[in-house]
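Once you've had a glance at the structure underneath, I'll fire off some questions.
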């Protein structure tokens, strides 16, 4: 991998980290309306490891915990934050909010407030690419707990039977809300469920961005070559609660500390420094740039107008 | 196995065969209202092989193709046929018809017109037995095509994670309506999906009643011992179409002939005669008894009154 | 013009639109070589093959999801859900995704998607195969709900549904598939969505109905003509959006309104029509709007029970007579 | 009597009924030690443990199915579906199984099952977490639909729901969980299902509402009192079966009726009430029944948009004033 790739991967992880950390502060300061946002701090390696291998024509579908995925696919922070603050300049003109940020021009075709809601749609995006002979793959992110919902099964089966170019990325952050996945998931793992559909199931360290990248790229190539879907289970951890307001009564501070030790950014940076691929200065510079981008987005969002209430019924129908 | 078991197994298979064959004739003669009935001719070994090992306290849930299952659990033909004819004396007082025959006193707690509709309910019956410390298992029948619906996944996962005494019996008759299962099922087999939930998945010849019985009994014992569910996939074939009116354009007469060669009753009888467990006379006698039972049921159903239209809203609520 | 059945009209609409636009494709259970459980896509697979006419697993949620994903990325899918009762298995996709995604994304996408399905009772199919669930979909903003009652409507409305850029619930009726009628063969024969049709002009009372009950309403109107009750019969065609202009225009002539529907009486389509007439046409009313509908019971299997549960021409006529009793 | 919040009242109802009857158990996502996403089962797990308070996978269809199977075989389950929007994932179980199984089996079974969930907008939770879907369930025969608006109602209605032998959709409101009120500690404190309650007697106009909008209606009534408009406010409490006797009795005093609901205006509960009043109380009406409801749009996220989409006290008061304009 080239240095510029490493720098780009690091840059993207830092963008996500700074975006989410600032959003958390804004939430505490009561600057964010609605549900307490679902932050992805700690999970940056999955979003970036996967999206770094995607091309512009490739599609992404994300979840309620989707800020990292859309950033990694190239979304604009100004419009994201404006959306989260319910502003007219947001991606969805304030109609969607944190759980529905998408940039369709970047082929991010939807986030979802429904657990598992993106999976059936991803099947259709894959079908569409296959039908139209587009050389595009579709990445569908979902959480560990989503692996227990019926839509998971229907979607993985249908995509497999149609050999669609879909890559199923399960971010196993160990919990669905308060419930540890071990208490609700029968069977050995989520990855092992791939076999039920005759597709590869890969489990890996989701805090190792290069491991994610390598596995995702293999899946992307496989999909592009018409060999059908792959299921990847990436073990990771969300540092904050389910939403920013959750006090995490269901897990210990020790467990959290152990996972923070395995911070995907810290580990990656350590490796890069160690191998002298980047310098500490470069890292500091990227951090600054990321923080500046967020601060600009905050300014943009703050200064943006609210939607005109008279437009409330716009966008229901096309015509 | 004792001779009396063999005789009972044979008796039950013949009851089903004669019931369904007569129902087919009645359908052709336009004596049956509603949808053309879903006949289970050819699949008798699954119903009987499984139910022969059940005790009175054990539960059964069945499907749109359920006549065989409820007969094998001991249902009364008079009340079944009366139900199918929409009579007041039917099991459901004519409210349910062919797809909803159940005898709750026999612990047959429901049939279903929705593919996969029984599976989530079976989880609850299993949970209820576990909760109440009943030494009872729950058998849930479903078709091959039902293995692709979300409810299958949610149910198998939940029952497995709760270690419920549920036995999942998939009658793989190769088709879901017109569609061969190979065209819609990803992965190697339905049985192989057991692994996704960490439960045993067994595939067997569903036209071999003793093989079914042995496998089912192992699953029943396992469930009774608190070791959780088992998934059994029994390969079989429905001789008639999806419904009695279906002209089977989607499969060849040769394929049908080959499967009829493997008739579960003929094979079983041949084995019994060969090993001199029964005589040809005994078989003939059992056939006669089965036919007589059906003829009596037809008479009963024909002579039974229709429901009183004034009672149409009875049974919606308890109170 | 050619005579054909309701099911043939549907297949023809699909074929014509697939001929016209290579982005139209079809998905559903047994819709391929088998031609659909109601035989309403017979011949479509023979013409277009398995790439464009896709037999799916029994996976209602994924079927609608797949269609949605395709609609979001340049295709115009037609989905078949075999019975409207099975939309229970894809309600998340229909109500939370298909209906809302354009709005939630602030207009970034269009959803040109037709969900064909069929409902209705009258064939002793029992409680899980006989429902009329149009109100569920009408109640969700973001969906159009269309219900043809004749072969011509089936064709003209389906072609329009395929061409609009918004999601349409296209609800056929299981009893009507064999009905015959004259159907235009103009490849651009379109019946507009959102417009009701006065099928029978009349002076004394307005009957609003749709799908099979529309035909029974016409029967009732014939019977009542002999009693000097002149019924104007309106075929709603589209349930959502409701064509209140047509209803109010008729009401301003007749002063009386009966809604006839095969859905349950309580919380049905008739309730909304009645409420809107209350709000928008109160002064036009010479008497209360009445409803004839299915009893509030799961649909029973036995034909003798089903017959009393659902409307028929005699019940419709009786309801009309009662509206004139004492006048 | 003790002061407690709406969520505490719910937890207390559950605890008391589980104490009373060992066959009552609870299932749902995060309902155990965590106490539920709305904290409405806080303390239940601590008292009864994991055998009777079961954290499930995210599998809405199987959750309701599991409860149904348990209800059919001797237990009395309480299920929590975290948001009413997620009932889209278990509509087959609710509408085709739970609601119909007793009927389809000709009365062979009872279904003592409570499905607790919560709906409503007002918190900027956007389109997939803010719906008021009571009409979907009211439209399905075989379900009772109950909607408490205060802590006392939450407790009394929930206890009744747990004790009836039929399935109940028990629909809480997300904005009300923190509301405080006096609640009886009588272990047999039951509020009957199917009976509405006159919360505020009045002479000039009747407002019918439920859940959060009931409280906003009371606010509007206070404001209008200063303008010499004396509102009678009825809390429906149960949506299905509808207590038409209470509505008609009030209407016969006031002659005017406004229905206030947080569901979309079209095809909502108000439509049914209006239609029934049309049929059963036409001569009582001094003017048309009116409805204040949510606009027919997916619920927007941005607070400024949501505020115009849903009803509030000012809109309710304005609608009442309009009913008297020109009189």
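We just call them A, B, C and D in the order they show up, numbering each chain from 1.
Please note the rule applied: a contact is a pair of C-beta atoms (placed from the backbone, for glycine too) under 8 Å apart; a residue touches a chain by one contact, two chains touch by 3 or more.
This structure is a prediction, so every number in the text was calculated from the model and none was measured.
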Chain labels contacting chain A and also chain D: B, C
Chain of greatest Cα-centre distance to chain B: A
Where chain A and chain B are represented by their mean Cα positions, the distance between them in whole Å: 45
Centroid distance [mean C-alpha coordinates] between chain D and chain B, Å: 40
Where chain C and chain D are represented by their mean Cα positions, the distance between them in whole Å: 30
Cα-centroid distance, chain B relative to chain C, in whole angstrom: 36
Residues of chain D engaged with two or more neighbouring chains: 56-57, 59-62, 85-86, 88-89, 92, 96, 103-104, 126-128, 141-142, 296-298, 300-301
Multi-chain contact sites of chain A, meaning residues that touch two or more partners: 92, 94-96, 100, 112-114, 117, 148-151, 154, 157-158, 161, 183-185, 316
Chain-level touch network, classified as line, ring, star, complete or other: complete
Chain A to chain C touching residues, read off their complex: 59, 90-96, 100, 102-105, 109-110, 112-114, 117, 119-129, 131-132, 138, 150-151, 154-155, 157-158, 161-162, 314-319
Contact footprint of chain C on chain D as seen in their complex: 85-89, 91-92, 94-96, 99-100, 103-104, 126-128, 135-136, 138-142, 240, 242, 263-264, 266-272, 274-279, 282, 287-291, 296-298, 300-301
Interface residues, chain C side, partner chain A - complex: 25, 51, 54, 56-57, 59-75, 77, 92-93, 96-97, 101-111, 141-142, 144, 164-166
Interface residues, chain A side, partner chain B - complex: 148-154, 156-158, 160-161, 183-188, 192-193, 195-199
Complex contact set, residues of chain B against chain C: 33-35, 86-87, 92, 94-97, 99-100, 112-117, 145-146, 148-151, 176-179, 183-185, 249-250, 306-307, 309, 311-313, 316
